[in-house]
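First chain A sits with chain B, and in the next complex the same chain sits with chain C.
Our next item is the complex of A and B:
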């Protein structure tokens, strides 16, 4: 315990010394003006000539102005989940048993919290073009719901409701295909790839949808949530099941 | 303004404390909980810096998904570090 305390004191003294150096050199001061690039985004996202028709500058940058960066980001996430699935190499789901789960208190509170998580995540993702948030944020929030259900109700609760890894991976593939289609569709009308406002409508039934931003956000929402949920399901299968699967593979 | 700096200081020191505890802890489940504590301190920092978009992704990933994954992985090995 004495050594742990000594280490902690050392860490804090180093942090304090660093903070003093930073403060003394004066580099702590925040800038007084916005950079030219920042001014461009602030002025253009909703009102300018190069508008994305979205009051949420971050979503407009992520899906429109710097859309190519997001393509690579989504590709990295896609490949990471593919690599995860390749490591587990599961072709079947375990036979359905009756899981035990935890106590009545945790079950009831999880039911309430899981419903709230679904609602909040939908609001984060589908309002991503209006308020802070977006498809990735909403999707990763939604993925917490199965993550809670698995330890508290056991994963049979998900499998019994047909929420199998196969279905989740298929959903993810469909959602990623939808993202690709939204990006490619303008090409058939002679416009550039990932065209936004010149091809997609900014308003639908009087509601601001910011063109393709809403479509990207809702597809990414499903893709991220189902990708994470599939990984959690694979991880929660018992080791014996994984060993059986591998044993069958070798024969 | 001074309140902002005090919140920054508090969250920064709290995150350092949680990181230190997570690194030195031998019980891996407790270490995962400390790591989640560090993430909450960072979330406060993101909120103070007005980076709400990052905060929304960060809090779901680092407190929820990351802790969940760590606990799954600990369940596949042993709970105590030797």
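Our next item is the complex of A and C:
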């Protein structure tokens, strides 16, 4: 233990020394200007000729200017979760039990907090093209709700409400298909893949939806949330259940 | 020579050391789980470096988001907003990193199921020396 502490002290004195040397030479100062590319995106995102019709420059870059990257990134994320679920594959869900979970106090407070999480996450995702946030952020926030329910109510509460891994994986597949469709639809009109404002309307019923950004964000919201929820659900099944399942697989 | 310069240098020093510590953890961590934790610390440090690249020291520094849709706001943002490009890259990085970490996590759980250990040396057949 003493040696570890010594190591930490040594390492952080090194950091301090490094910082002081850098400061003394005066070579490192926070910049007062940002790169030309950054200014370009800030200027173009709403008013320019290459507008994405989104007041939020980061979402505009993620789903419009570099939209193809993000579609591939979604594919990578999808494959990683599929690979994980393949390792954890189960043919059925565990039999339901009653009377498990924590006390009434924690149950009630969890109900309130879970409802709040759903509202906040929807706000983060659906306003992704207007304010900081987006589909991935909203989806990962929403996935916290089942994660909270699992230890407090036990996963039987989710299964009893038909929130099974099968349903979640299906939801995820549907949402990802929606993302693929939104990306591919402009091709049928002779435009490039992931075209935004030249194909999709910027305003619907007087509300700014920034073309495809809103569609991408809402689909990604469902995809990420259901993907994470499925992973959490699989991970929460008892190891004995998984062993039983594997035993049946081998026979 | 300024206070901002001092804070900036301190941040750079601490991040550099954070990188060193996490690389040490990845190489010398005995359990695969600890290696994974070190890997996440490493990637998070890189993200903070990214965000630092996009920062600008003006008063006030604002996020690259239009609060109102006017031309005045455009000029204001061009002078005060931080760089949105590193933020978008970090967002992509976080998603990919999460996918990779989840996959490694599943791999570790599977390794534990098959071999009943997550110590790297034991997994490859070496006796644990301690």
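Just so we're on the same page, the second predicted complex is superposed on the first by the 238 of 251 C-alpha atoms of A that agree within 3 Å, B and C clash if a C-alpha of one lies under 4 Å from a C-alpha of the other, contacts with A are read in each partner's own complex, and residues count from 1 in each chain.
In this text, a residue touches a chain if its C-beta (ideal position, glycine included) is under 8 Å from a C-beta of that chain, and two chains touch if they have at least 3 such contacts.
Bear in mind the structure is a predicted one, so any value in this text is a computation, not a measurement.
In the superposed model, A:132 makes contact with both chain B and chain C. Applying the stated contact rule after C-alpha superposition, one finds that A:11 touches each of chain B and chain C.
Contact with neither chain B nor chain C is seen for A:174 once the two complexes are overlaid on the shared chain. By the touch criterion stated above, A:102 is placed in contact with neither chain B nor chain C. Judged by the touch definition given at the top, the superposed model places A:58 against both chain B and chain C. Once the two structures are superposed, chain B and chain C can be ranked by residues of chain A touched, with C on top. On chain A, the surface patch touched by chain B in one complex and by chain C in the other comprises residues 11-12, 15, 58, 132, 134, 136, 239. On chain C, the positions that touch chain A within their shared complex are 1-2, 4-6, 8-10, 12-14, 16-17, 20-21, 54-58, 63-67, 69, 71, 74, 77-78, 81-85, 87-88, 91-92, 94-96, 98-100, 102-103, 105-107, 109-110, 113.
Of all residues in chain B, only 12-13, 16-17, 20, 24, 52-53, 55-57, 60-61, 64-65, 68-69, 72-73, 76 touch chain A in the complex they form. On the side of chain A, the complex with chain C involves touching residues 11-12, 14-20, 22-23, 26, 28-35, 37-39, 41-43, 45-47, 55-58, 60-62, 66, 69-70, 73-74, 76-77, 79-81, 83-84, 87-88, 131-132, 134, 136, 231, 239, 242. The part of chain A that touches chain B in the complex is made up of residues 4, 7-8, 11-12, 15, 58-59, 124, 132-134, 136-137, 140-141, 143-144, 147, 228, 232, 235-236, 239.
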